[in-house]
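Submitted below is the structure of interest, expressed as structure tokens.
Should a chain be cited, it is by its letter among A, B, C and D, assigned in written order, with residues numbered from 1 in that chain.
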């Protein structure tokens, strides 16, 4: 149990996917302009990342490793993730429109979110077992959400601040992200 | 080797099959334009545009929230193609279109018979034309002949009708028309047009502070074109649901049917009917915005004036950001008007519709604390609109008015409303016997709220008589029905307290009416030795309110501290029509500019300010034409003393909940009229113009 | 469409240089640019995949059905990414080790999908190559320059050659995560400043 | 329906041909990659551990499989005497696996030296296990028949300050090495001799 808690803390704070591992930065800057979007995106990432983590673990453990095809993991993972996302999107749209309204529109954005692909590869590389994969996928996604929502909160306020023209928008966004990353940096010694 | 090929074959085939089947099984209809536009975007789903992926961006483009150039990857060619799908040329100016303003046709009486050349110009050369109306259509069709694009036809009633699809906005008809009938304007120009002496205006249109084209939307309701009616109202008033509920409808006072000794048309009920029709229809009537101008405007205060100003600025293409100090948008219509008059759900739906046009809004942001005029200017806002409202209650200024149990009107309503909406826990302990001092709408809202909270004895204490009460008559009547006790001709003298500092009574002097004062109301004079005490445990003072301009002091030495204000703390405009302040980039409207006034006044002011801001941003002089109609100024020939030919018909009564039911809860008390009644009521409209009106047969 | 091949090539170097003008492909930009060598290595790998994918997409543009085009692009890109991954492992092992997980993640770099969709899918092979080369070289230059700045301030040296005086205390902040964000933010600011003039 | 079929067919063909391409590239590069891994990951550690040998340890190697993946052993001869073997074991550090090369003298069971090969520890903290010679040096001379613990856990190894997890991971790898060594020692002595005499394995391409 202790190991699991440690893993969760490490994934959310210490190795925060956005701020320490630099994965998933495009949507990080793109969808953080509004709090609403940021929350939706975070939820969608948690949802997809857990699904993708489980699927890719199964493929890796049941097909790729037994047949010695590990070098095909990039292409097979991306195909599986892309199809999975598209399938879930279509499924939600038809069957659970309420959930689709909240999450659905964020799903396609996730196909090219390197956080998803990145976490799947990290899981495999770290040789986690099934439970660990489940936990780390969730925790990494939660870390993504945490950072994104924090950042969106700050960014909404930045709009009110005096920012010199050349620094406006993405530029100040990156500097802010750097300062938040600095804050997350202090978690380094935690585990 | 074989395994690799087999694996990839398997994965490819499985994914392809599953997706192919799923796309059939889970098929959902959506606007075909979305798919078309999505096809043109980069498909990288990178999120760089700020929308959640390409399909979300495509949807936003179709809804008009995002410009065709939304995609940062696809480049300018794709933007042009997206624009083509949407029928807008990206980043070109709004198209000009011709409009016909006179649908009077042959209604205006002929002054003489003319048998000369059949041409408008020839006819108008003789005494301005044969018809009575100075500006009305002569009906010879010079405009039709002038049009090279076959876009104007003479309609059924002998007046020109423009086919908007064919019109290219060349302006030929405009120059051909010797009268003021054909105008050539862009949507933006129409939206920002102010009533003018030369316009074809019915009396009600001249009276409405928001300048809504009333006869037009009523005739649209008559023709069952409810969406059209919504569109017409929205050209002047973005808060039609709220106005339809709370507007005291001054327009109805000038209705020609009322002048003819009949009951005036129930104009506001018809507006509410159209507005509710849109809300209940499940979809919003689309609102188009002009291409982006790249100018940024900060609207401070998300009340009716701010929302109206933001709405019109956004529609003419500016980038608008609203800053609101309270937890939610709406201002006085959210926090000052109780739930039973304007349900919050309705208000939210309305505000969402406005924000959906692409207006950014920040709440919990107070001018002077979180932002300053200076900081807004330096973060790139080109103009600033102050719609900060009037939120500071005036005090009674008598002994004991700060005892426990004493509140002021707006403060009480706001705290109660914030609490009711669950935004924070500001509870107000409610007594059992309450007196509300004042005779305005705030006072009435306070007493009606107290009744609903189960307070047994609720008094209204007012200096003058019922006739002088500034509150809406309907509201006063409703309060009477709900068992409020009115104490007229009573001036509070002092508030009595017990040993704990808790209110226990209110002493007032009886008054009598003396000579009329400047406002035409008879001045009340106290009667010596008439002190009377009523026993109460709660006192609310609602004797008026003014704007809170403390933000000025917080930026001492900055330009904003030079902002001119009046002695009532309202922001002084250079010109009440343009609403520009003495600092050129600051504009104000609503209660902040006028002192506590009507919602519809604030909406009209918001639009006037939007017009001035638009002029200011384009670098044009911020002025109003000499012939602009404003305030009490009216087209004299259109105001009749008598209106012959009107048969009396009963006005559709206002449906409301029975008293017993409504005082128990905050459920909306007034209801909407039925479609049948709306059609009937719209039939009562005389379809007036300047001179013409349809007589009852 | 009247643009010449040369124009297609040039635009990637300045007008549309990622990640400055097109704010895309940020993850590798931030993740691997601790040194010039890493930055350029990543840039070259990306450029290689970009050019190859552009060629293939352009070749197959009449065969691929529009509805599954994204899936097809992904397969094509992923194939080349894996090829790069294998080649790098075989011939530039040290670089492969430092770039680590970012190599397979070229697959999800939006620049690649974006170019495939926005350009190669609609244009013949030659302009597609020019486009891919232009954007690829632009990206490489950008990564290299960010890498240079971070390496210079973070370690006091560029490509292992000491540049700063011996009294220079390396500002390690720049090679760490927070420094990456701030460095890129400031460079963007600089680009805006220069571009606006 | 026709369009759907085309979609599926194109996808399938495309992914199958991608499989073909990748498989052939993989085939061509396989040995080179293995060689690179050897040279880049293991060789430096081996060289450091063994120092001056009279043979080339990278070529005098043998494999022993115990059901799982085979373990590679590199033989170091001093003055023609193949008395030292080096092999890789793994422990779990702060962030994933740590690969550790352990060199052992077959005659006295003493550790000749250790060296970290692969790891994904925090740069500047855990990574010092690989870069700080003092940390590795303290293992030299210890008896491989013992298990290894850091001082906080009651052992003899001085942990890297701030990187207890990494140090534990290295100890874990060393303990694993001890177990493997104890199990396989008889075989090792046997094979070390033959391997050092055997000519260098054929160089591929």
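Rule of thumb we're sticking to: contacts are C-beta pairs under 8 Å (C-beta built on N, C-alpha and C of every residue); 3 or more make two chains touch, one makes a residue touch a chain.
Just so it is clear, the model here is predicted, and its values are computed rather than measured.
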Task: Set of chains adjacent to chain A and to chain C - done: B, D
Task: Between C-D and A-D, the pair joined by more C-beta contacts - done: C-D
Task: Centre-most chain, if every chain is reduced to its averaged C-alpha atoms - done: A
- [ ] Could you grab the centroid distance between chain C and chain D? Build each centroid from C-alpha atoms only and quote it in angstrom.
- [x] 33
TODO: Express in whole angstrom the distance between the two chain centres, defined as the mean CA positions of chain B and chain C.
DONE: 51
Task: Centre-to-centre distance between chain B and chain A (centres being mean Cα positions), rounded to whole Å - done: 43
TODO: Could you list which residues of chain A touch at least two other chains?
DONE: 26, 29, 71-72, 75, 79, 82-83, 111-112, 125, 165, 168
Open item on the list: Show the residues in chain B shared as contacts by 2 or more other chains, in ascending order.
Closed with: 4, 7-8, 11-12, 15-16, 19, 23, 44-46, 48
TODO: Indicate the residues of chain D shared as contacts by at least two other chains.
DONE: 7, 10-11, 14-15, 18-19, 22, 26
TODO: Could you draw the chains as nodes, link the ones that touch, and say if you get a line, ring, star, complete or other?
DONE: complete
Open item on the list: Considering only the defined contacts, which chain A positions touch chain C in the complex?
Closed with: 19-26, 28-29, 71-75, 78-79, 82-83, 111-114, 116-118, 121-122, 125, 165-168, 170-179, 181-182, 184-185
TODO: Spell out the part of chain C that touches chain A in their complex, as residue ranges.
DONE: 23-31, 70-71, 74-75, 78-79, 81-82, 85-86, 101, 104-105, 107-110, 113, 176-186, 188-190, 192-193, 196
Open item on the list: Help me check something: in the complex, which residues belonging to chain A touch chain D?
Closed with: 10, 15, 71-72, 75, 79, 125-127, 188-189, 191
Open item on the list: Applying the document's contact rule, which stretches of chain B touch chain C when the two form their complex?
Closed with: 12, 15-16, 19, 23, 39, 42-46, 48, 72-75, 77-78
Open item on the list: Help me check something: in the complex, which residues belonging to chain C touch chain D?
Closed with: 63-65, 67-68, 71-72, 75-76, 78-79, 82-83, 86-87, 89-91, 93-94, 97, 172
